[in-house]
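Naming follows writing order (A, B and C), and every chain is counted from residue 1.
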Amino acid sequence: MSYTDATIQLLSPEGTLVENDVTAEYLPRVTALSDEQLREFHRQMVVIRKIDLDAANLQRQGQLAMWIPSLGQEAAQVGSGFAAKPQDHIFPSYREHVVAKIRGVDPIKIIELLRGLSHGGWDPKDHNNFHLYTLVLGSQTLHATGYAMGIQFDEATATGNPDSDEAVIVYFGDGSTSQGDVSESLVFAASYQTPQVFFLQNNHWAISVPVSRQSRTPLYLRPSGFGIPGVQIDGNDVLASYAVTSDNLDKARSGKGPQFIEALTYRMGAHTTSDDPTKYRENAELDFWTRHDAIARFELFLRAKGEGDAFFAEVKQEGEDLAADIRARTIALGVPTTESIFTNVYSEPHPLMDEQYAWLTQYEASLEGGQA
Amino acid sequence: MANSDFLLPDVGEGLTEAEIVAWKVKPGDTVAMNQVLVEIETAKSLVELPSPFEGTVSALLVEEGQTVEVGTAIITVESAGAAIAEAPKPVIIDIVGDTVDSISKEEPEKAPATLVGYGVVGHANSRRRKGGVVAAAPAAASAPVVAAVRPASVPAAAASTIIAKPPIRKLAKDLGVNLGEVTATGLAGETTRDDVIRHAKQATVFKNLETPEWGAEREEIIPVKGVRKAIATAMVSSKFTAPHVSVFVDVDATRTMEFVKRLKNSPDFAGIRVSPLLIAAKALIWAVRRNPMVNSTWTDKEINVHHYVNLGIAAATPRGLVVPNIKDAHALSLKDLAQSLEQLTLTAREGRTTPADMSGGTVTITNLGSFGMDTGTPILNPGEVGILVLGTIKLKPWVVDGEVRPRMVTTLGGSFDHRVVDGDVVSKFVADVASVMEEPALLLD
Amino acid sequence: MSIENLSMAKAINNGLREALKNDEKVLLMGEDIGPLGGVFRVTEGLHAEFGGKRVLDTPLAESGIVGTAIGLAMRGYRPVCEIQFDGFIFPAFDQITTQLAKLTSRHEGSLQMPVVIRVPFGGHIGAVEHHQESPEAYFAHTPGLRVVTPSNPHDAYWMIQEAITSNDPVLFFEPKSRYWPKGDVDTSASGIPLHSSRVVREGTEVTLVGYGPMVTMLLQAAEIAAEEGTSVEVIDVRSISPIDYGPIIASVQKTGRCVVAQEAPGFVSVGSELAATITERAFYSLEAPVLRVAGYDTPFPPAKLESIYLPDADRILEAVDRALAY
């Protein structure tokens, strides 16, 4: 749909590598991948799709207030997720479930957020620098930029050592590019030349508003107005996603300043389970993107490389097992304590927190069936 | 084998109901986990519901076309193993359940354990019942937390000062009561309205508690002159010329007191002093109309019956008793009479009563009640045939509808010149005054 | 004891200098704070002394300033942002209220937000639109934030340092009408914790409560009242969130009457909160309702009208008279 001549694609929808002058720059990173790594790409995409579909079912069964599907965007996320190095910091929006998983966040943490048990809660330091979801659109781009500035001030980047030089990758969507904070983050990033990759997943819809309402020009062109180079990739091509992100992160961590990737992909599902895309989308569009599906083409690629039914069956089973496990654990989840309302609001002791929690405690105690 | 019900969930963040559009299964069908059971229509969209259970469909609980509330059981599935998909009830649900519980006191069934949507939240027909153990004062027992729990925990810091709410403070100010002297009997140590009133009442009895010392000499000589001499002359003349006869009656003056209160609150009487004496004065004028002989003058040769009332009011002044009268009091409205009374009293207190004010009186009231006396035996104002005495009005036991009740009771009495009037006239006159005190509406005659 | 006689601007400048010296993680960031030293010269000389990596001139984007400060705090820095004028804090309102205030609880305690946002505020300087606002209530109303304001140079010197060492986000409102008048600063000791209120003048008949630029006005009103024979106690609230009610309630229990004054419009303000809580906690001591003197509920008027709009000694004393009449 938004494909242009500039769209970088390493793997065609038929599952074959694309070789030309543009891809030549990136293919070496692909050929350097081992078979195990390639299988891992596929495994992560298939498993997260299964988890994603079952989570939507859980919502329909009353177990979650809401599920946010990442259906259709697996390649954009898996590729870029694996491109990030252990020392890099990742600032997601709220749909990057597989990146979270790759960085060690148990999917149950995302379930908890959508079941009404937390607002996130995991510690990025314990999860390979995968930061919390931000539900205010685009806000995280400024946090990421500030973080990258901190990396610079720490002189923890651009030392010439790509295995320790740090970079930041921040995810955001086409809708949020209209938010002022995103533009301001580009201003600051350019001004300070931060070690940062802006990863825009253009999934073509912001709830019911198409990307054409957000921008009259391809979004990968926007950063150049800020002095930041931008590239457009086929986001449903996991190899392009991996290679270009890896390349951009290395540029960022080597002192070349901020980079910007627009990954063309498609939100195959609804915005969230509260949404009904049949009210605003055409079937023809869904058909197009189904034909450009991320997982289908990669399976073709792997089969051509010699992977057999056994592998795909094993991966499918793994997805089903993990989904069943998450289902069982979801249903067994407890609730947060009343006390948790008042803890961690501040880092230092605060009189109102003590007073109000104490009041609530004695109020509950004074009533029949009161909860402590 | 376990039968599990699937309760209609809120599929769209706050939806409360949905219509069953089309069942995709029927009783007896085997269903797999996540198999589509039914299509529903919500306010937002058409949604397919996947099965949370594996097993066999026992029963469809709602029909196509029916609209049901979130939380309603829509299908029963018999599952092969334990009812794995039945959610244990987390506390969140219990809170919803408790709320609904207290709503439906008549319906014993608990509200369904729907996790999300909380369809029924927002209804509150009743409140959670008290009765849990009242915890000991919380650790952070600062005033605001504790003050919310009544009554034992009024801010302790205020213990050293007077605890009195603003209306009580105003009452004390109006009554001239010093809050610091009042014994507080409130549960939390506060001074109550009754405390202030009780203290104010006591104050009238315990005023002037200081007893002055006699002077040094054994005999103090005061020359007889001026007002004292005049009063003495008049009293002797009156008492030893006219044969005085007295009658007394107790009357329930509650309605007069209520009437006085209402007058005080009426805008027409704003700023005007209203007291029971005003009503007694009006009553007297009414009684005079019905018993004209009382309002006359004896001159040995003739009895001069006055067809007007110059109402004398006995007023105590620092220099002695004066009895100025309100000219043509019979023609005054209640309000004008009140104003005249007030003016007369003020003038007398200031010592500015003129001889003209004091002459020409036809009948007099003396208000011994203002000195706390129940009644008395007044001496007739020279030239008059009757003097009414109004006693103190206070709560006394009285029989109302066969039961003893506290009522505002007073004693009315009077002294009369037996040369002009006999016992029956006198009694009827005083009875008439009393009946108005009992029922001021009689003045509407 | 070591006393220096400084303007508030210089006192804050010195406080910032101490903070920059004491902790290399402290950064200043804002518009024009570098070589220019800030439009009120509060950061004068700091760029020269500490360099452009500690004192940053940022692009002109308030949301960007606060948002990147958040990212820096995530990295372990202690950023001190300057919002150039009160009226320009609103573009940053989202980052302050939806992010800065909530990140610690969103992380369930694994992340601290030691960010200070300095804001010159208040009127009485004849400025144009948006340069004389008092927006403190919006932030006091937001759980997760702390809000403080010094009324004098001594407090300014110490409170800025304490705000910086706090591990919580702090909105630091600087009364710009008090930037230039000088006062004694005891640089050896603060004498009082950051979130404390203080009795600044003792009295017996009425308690006057205020903060920031209003404190000086309250003290002037108290002087006039004293000449008229009325003894008035004045309290500087200092910390608007959380509020230290101890000295305030003790004072009202003593005097029985209270007047709260502020420049901000009165409707739904810090004064409203003070009045409600003082009434609740000192109820049995009150001889009169807690009265409030505040800016009118209109947009801040053009400067020629600000002396009518802003509470002055006369308006404060009118309220004192009313309180005493009960």
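Simple rule for what comes next: contacts are C-beta pairs under 8 Å (C-beta built on N, C-alpha and C of every residue); 3 or more make two chains touch, one makes a residue touch a chain.
Small disclaimer: the values here were computed from a predicted structure and weren't measured.
Here the chain at the heart of the structure, going by C-alpha means, is C. Among the other chains, A has the CA centre that is most remote from the centre of chain B. With centres set at the average Cα position, the gap from chain B to chain C is 48 Å. In this assembly, the C-alpha centroid of chain A lies 41 Å from the C-alpha centroid of chain C. Between chain A and chain B, the centres computed from C-alpha atoms are 69 Å apart. In chain A, the residues that reach two or more other chains under the touch definition are 351. Of all residues in chain B, those that touch two or more other chains are 144. Against chain B, the residues of chain C that register as touching in their complex are 249-250, 253, 277, 280-287, 289.
Residues 27, 53, 58-59, 61, 63-64, 66-77, 91, 94-95, 98-99, 102, 104-114, 143-144, 146, 166-168, 242 of chain C are the ones that touch chain A when the two sit in their complex. Considering their complex, residues 6-13, 34, 44-52, 84-85, 87-88, 90-92, 94-95, 98, 114-117, 128-135, 137-142, 144-145, 148-149 of chain B touch chain A.
On the chain A side of its complex with chain C, the touching residues are 118-121, 123-126, 131-132, 134, 136, 139, 141-151, 153-154, 180-181, 184-185, 187-188, 191, 340, 343-348, 350-352.
In the complex of the two chains, the chain B residues touching chain C come out as 143-144, 147, 154-155, 157-158, 161-166, 169, 190.
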